[in-house]
Amino acid sequence: MMALLLAAGLALVALLPGWFGGFPPGRLLGLAASHAGLALAGVVPAALLGLALGVLVTRPSGRALRPAADALAAAAQAVPPVVAVALAVPAFGFGWGPTILALLLYGIMPVLRATVAALEAVPPEARLAALALGYTPAGALREVELPLAWPLVLDGLRVALVLAVATAAVGALAGAATLGTPIVLGLQNQNQLLVLQGAAATAALAFAAEGLLLALAGYGAGRGRRSSASPASSDGTAQSRKP
Amino acid sequence: MIAFENVSVSFDATEALSCVNLQVAEGVLCALVGPSGSGKSTLMKLVNRLVEPSAGRVLVRGADVAGQDPARLRRSIGYVMQSTGLFPHRTVAANIGTVPRLLGWDSSRIATRVADLLELVQLDPDLAQRLPGALSGGQAQRVGLARALAADPDILLMDEPFGAVDPITRRDLRAELRRIHAGTGKTILLVTHDPEEALELASQVVVLRDGAVVADGAPAALVAEDAPEFARTLLGGGQPGLRRLSLLPAEVARDACPAPADAPALPEGATLADALSRMAETGRDVLALGKGSLRLEAVLARGR
Amino acid sequence: MRAGEAGRALLLLAVLAGLLLPWLTVAPNRLLPGTATNGFSGLGWAAAAALAALALAVPRRVPAWLGAAAGLGGVALLLVATGWAAADSLEGLASAARAGLGGGFWLGLVAGAALVVARGAALPGPGRAALAAVALAALWLPWQAGSFESLSLVVEYRARQAAVHAALLRHLMLAGAALALALLLAVPLAWAGFRRPGAAGPVGATLGAVQVVPAIALFAALIPLLAGLLALLPALRGLGLGAIGPAPAVLATAGYLALPLWRSVLGGLAAADPAAVAAARAMGMTEGGITREVRLPLALPVFAGGLRVAVVQAIGLVTLGGLVGAGGLGALVFEGLSQFATDLMLLGALPIMALALAADALIRLLEHRLGASA
Amino acid sequence: QAARPVVVSSKIDTEGALLGNLILVALERASIPTEARLSLGPTRIVRTALVAGEIDLYPEYTGNGAFFFQQPEAPAWRNGDTAYEAVARLDREANRLIWLARAPANNTWAIAVRGDVARAENLATMEDFGRAAGAGKLRLAASAEFVESPAALGSFERTYGFSFPRDRIVVLPGGDTAVTMRAAAQGISGVNAAMVYGTDGAISALSLVVMQDSKGAQIVYEPAPVVRQAVLEAHPGIRAALAPVFASLTLEKLQQLNARVAVEGQAAAAVARAHFASLG
Amino acid sequence: MIAFENVSVSFDATEALSCVNLQVAEGVLCALVGPSGSGKSTLMKLVNRLVEPSAGRVLVRGADVAGQDPARLRRSIGYVMQSTGLFPHRTVAANIGTVPRLLGWDSSRIATRVADLLELVQLDPDLAQRLPGALSGGQAQRVGLARALAADPDILLMDEPFGAVDPITRRDLRAELRRIHAGTGKTILLVTHDPEEALELASQVVVLRDGAVVADGAPAALVAEDAPEFARTLLGGGQPGLRRLSLLPAEVARDACPAPADAPALPEGATLADALSRMAETGRDVLALGKGSLRLEAVLARGR
């Protein structure tokens, strides 16, 4: 698990300076916990929404909505998270609310795109076979299309998660306790060490999240295919790392 | 069992089928042949509502399919595709057990059924836990067949089921199918590109061309001299006389008188064409067939 | 959900937006939160007429062109009526008073526009072009007639018209430069990764590592880095490189774009039909020839997909250039941020979204062409 | 060197835009060639750019010298004259930067309270604020810097003998007074008191009341143009061109001008031109 | 022309070919048959160095290929694949002109050549500007053939060239190939799964099994009674007698005496099997063949 190793290394980079006048490690850890929670709170609805939209626009009935959904996702992606946070503060107050909204906007596109691409890549014969055997459309989606699309969808989720962890730093601007706090403080006080600590801690968290996601997914896949003698159920990292 | 009444199907611009009328009786193995794009697959998909008619009615077991729940209907009809369409993420056993699971069978009953089916299509039980990616083409086709048979449907749709396998495996699978059809008496609709296969397996052959049925009848009738020209060319392959002989069991020309003691013997179940081949090989004009004999003139007389 | 139901859901969304959320807000100045009016009471008969037109766009019996046109008419009417209502509501107030657009307006606009796009998507090519032209006219005419001049957003625009235009142009240039730089980086790397699959892993990891650095940190961290570099190699200054301004913005943005571009080029190269590649080899093409004549042309559609992602990201990310003195629409956004003036932020953010959408549509068109020809 | 225009810059905030535009107008009138790089970025960026020679001139606050030279506790920063002298000397010696004549307007940190709250609780000075701080009626929005720096909130607390409960502070790490004031005015997240700067134009528009710092707890932040010595030597006219402009910027005047930009939404350039014209 | 001397090929774990010795003389159409995975494609790819032998030598035109520049060698050898491998982004004309362009021909010469080739493979010249995606399977196969023939190579490698087309088109393409081979005298290596095709087209048939050559000879010899069992089963399809008759032209059994006036006539170029079919169809034991006659006994006698 290369991601987890990287995460550990970066975490050291982030924490070590704490003993030499940098940002105190205790506070950094507290911020990291809050950061992780915030990122999760943003990425989960983004993932659900992206998945739901992706499924919707690949159904025969939702195909008409595809251009609109694509355009919306692109627009959402183009709003810089800082701006989204700032615009959302008057409506949502300080703290998590506006940040979650920004993460939501930012996370939908990767998940939506990955879901659509993955569902379109499902072999048409498998889909046809599912219908021909008497699956209802929903059953075919649940038991055939989604499982086959899963590796690519997972890739999209991974991207969204990493983006969310990196982006959650802007929550600092809205008063949420995140690893963006030392970054913004450092920027204001010209303290490069704080910026480095914040950035390294954020990166560490992102890698750790990625590693955990892949480990969880690999575990799930492994359980699903435990009984198979085939070499196909290989390590998830190697598969999803492929472009 | 299956009836098409004035059925037409249009896709956007193209008319895939126009005014098709066709009956397939219970227990019949009906072969659909015709050039590529003639509408064979479309005709077949009407039966389990993968395609909807733009005009006309399709009756299955006497009832119009239009009024039936598609999922229920499909579970009651087996379907085998050329590209197998096996679910790549499910083991062989899970693939075969799909429809029973949809029908809510309990798992021990499914397991028993899967084991029976593997035996029926002559697959090693060890394959049950493999994923389809790890099967050879012929094995995958057998799994596809087993999957279609799983819930013991009385109707089986087979769309070029043996298209992707080599000729040796193909011959095996063909024998398999004949055996299963004989043993179960299912109604089978079989799309094939191979005229020999159609003639050999089917008791009814339907020839399609440009979305219309141009011939429909017993195999022998379609290679006879009075058969429609297109069907004759398609099915006869330049030697309609020999094709006819290959459709007839040797018994029909048997002579009760015993053959000379040194006459070569013809095995049980051989066709008249087999008899002719054996005569050419041995240079003899009489063969022993069971207790009786088979004479060259009698064989040739049946080619008309 | 059937297509008609999707349309009905959008219509319902528009109605709820108008009923439950503030549509227009009137405030004594641009900083104070205003008092809200909801869409229907504010717009009067126009709201009813607009909704009726939108409702006509929903049923599938209605032909696509008629549905799209009706929807478009409804949206245009909503916009114009909102402009008029804003003018009415400012009547007799001090000059600092502002009429701002509320969440209900934006949600209603998005729902209405989505309805039009969904119906318009069913039209043939020329029909879509005509629809787009009519949509532009439907915005342009009332704009020329001054129907929108009372909206706070337009007031902000009028106050710095020239600056907005300049920022737009500069934003495009920054995004273009970042994209070019990222291409220069990603294409050779992807090529190397394709030739030597062992190299792809580390390159992917490196480019991926950039993604996890928070954007604000990267943009800011580049300044001391560049300053140090320039102190070491003052000659670079002659090339127009500076520690502040476009250089860090373009560099940082390019860093983020490199990954999607690299992935799509690599994926595209690998996507060529193996049979075509085998045929090329069997006919005696050299490896270089195979790449030039078979792999690259076949990779283009995949590559266009990656390019689309990268362009949208470029337009969004370059905004942060406003923090490092690069200018562009980001400068407007951050000026708005520093005053906490919502409409000024929107004045920067809306063109960014529009640019992103336009670029997305443009590349999609290109993709379509390539897909059709390949 | 003489042919090279003077690169004028400013910070990316309302007052920065205003002062930067004023400088531009003044230099133009004095026929000194200029190149505008206004609203370049936050303090750090603009300061780095000036030291690195990327820009030539921008308005900075005297009190920031406390942080540029890392001596926040030094008493010199708490008086207008000594602060100016200190920063001018330090910057000339360390960076060859010249501080030109400053404006008589102290843009220092202060705390403002919602008008209705101030009236109800009778709050006018920092003493009043200190008394009310512990009562649990106030919720303060402030930047992390304001809360954590001993020279800011800490200095208020020490000077006026109170301690503001930390759990009643909404800390915004990059927080600008525009945000904190708006939060207090609008009551976002229950906030009713805000960190502000003395010259903020929006204070009265947002019906906030500034608590008087009668004991001078804060460092003095008076704006003044800072220019690179080499550039000043090349264009000696800069000094005379800017002095009257900055002299005209009293606290009230600067608040007014800021309000025109921040509250009324006029463009900073237009406001600057109008003010310059009013100087005659 | 082409010779394999003790050639073995290993891929990682599997030995695809072991100790193959084989000669294909100039102008011969040699068919390679065998089950899937028996090494047919691998053998073929040795010729143009798409695969390198792990032991032994491959000689083309008398010279070891190992010493030759692969790109040059390949340009001098035509190659047709089952999956056509047409470049999807290039027009039909550009596809056909690939090797001439690689060889540096000028564009007018290429254009002329393309036009000639389209005529040779009987394609409408209007197709020249289409993209391959807009072709039917049979048309695409013809374009693939034309592309392989473009630079007039003296050697043609064809790997299941007609696998993906329906039987009617397949029969046409087969006739095409026979015509081209007869007209140009090229040396052709043809991989096919279809025993009938191999017997009908080839003058030399090579049977592979598990990477070894198990039979090599003239078609008739491989279905004879003394042929290796495996080859006989694979090629004979259960009726080796009739297969043999289908390999022999009717002339070999002709009788100089004229046939009775009412005897049905057999067309020029028919095989003995055709004659037998005609006899069965008409119920007659004498046919007219040119000026002479053909009698049933004479036909059957050749089946041995």
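Should a chain be cited, it is by its letter among A, B, C, D and E, assigned in written order, with residues numbered from 1 in that chain.
Basically, a residue touches a chain if its C-beta (ideal position, glycine included) is under 8 Å from a C-beta of that chain, and two chains touch if they have at least 3 such contacts.
The model shown is predicted, which means the values in this text are computed figures rather than measured ones.
S.K.: What's the overlap between the neighbours of chain B and those of chain C?
M.R.: A, E
S.K.: Chain pair with the most contact pairs?
M.R.: A-C
S.K.: Quick one: point me to the chain whose Cα centre is farthest from that of chain B.
M.R.: D
S.K.: Taking mean CA positions as centres, which chain lies farthest from chain A?
M.R.: It is E.
S.K.: Where the CA atoms of chain D average out and where those of chain E average out, how many Å apart are those spots?
M.R.: Taking the mean C-alpha position of each chain, the two centres sit 90 Å apart.
S.K.: Please tell me the distance, in whole Å, between the geometric centres of chain A and chain D computed from their C-alpha atoms.
M.R.: Measuring from centre to centre gives 40 Å for this pair.
S.K.: Give, as an integer number of Å, the spacing between the C-alpha centres of chain D and chain C.
M.R.: 35
S.K.: On a C-alpha centroid basis, what's the spacing between chain A and chain B, in Å?
M.R.: Computed value for the inter-centroid distance: 51 Å.
S.K.: If I count partner chains per residue in chain D, which residues reach a count of at least 2?
M.R.: 42, 44, 48, 179, 182, 186 - these are the residues of chain D that touch more than one other chain.
S.K.: Give me the residues of chain C that touch two or more other chains.
M.R.: Residues 33, 220, 224, 337, 340 of chain C touch two or more partner chains.
S.K.: Return all touching chain pairs.
M.R.: Here the touching chain pairs work out to A-B, A-C, A-D, B-E, C-D, C-E.
S.K.: Spell out the part of chain C that touches chain D in their complex, as residue ranges.
M.R.: The touching residues are 28-33, 95-96, 98, 152, 155-156, 159-160, 163, 220, 223-224, 227, 230-231, 242-245, 322-325, 331, 334-335, 337-341, 343-344.
S.K.: Chain E touches which residues of chain B in the complex?
M.R.: So the residues of chain B in touch with chain E come to 35-36, 136-137, 166-169, 193-195, 225, 234, 238-245, 273-274, 276-283, 285, 296-297, 299-304.
S.K.: Contact residues on chain E for chain C in the complex?
M.R.: Counting only chain E, the residues touching chain C are 48, 50, 70-76, 79, 81, 83-89, 98-99, 102, 131, 147.
S.K.: Inside the complex, what are the residues of chain C that reach chain A?
M.R.: Chain C residues touching chain A: 1-3, 5-7, 33, 103, 110, 113-114, 117-119, 121-122, 200-201, 204-205, 208-209, 211-218, 220-221, 224, 262-264, 266-267, 270, 309, 312-313, 315-317, 319-320, 330, 333, 336-337, 340, 342, 345-346, 348-349, 352-353, 355-357, 360-361, 364.
S.K.: Using the touch definition from the top, list the residues of chain D that touch chain A in their complex.
M.R.: Touch residues, chain D against chain A: 42-44, 47-48, 67, 141, 143-145, 148, 170-175, 179, 182-183, 186, 188-189, 191.
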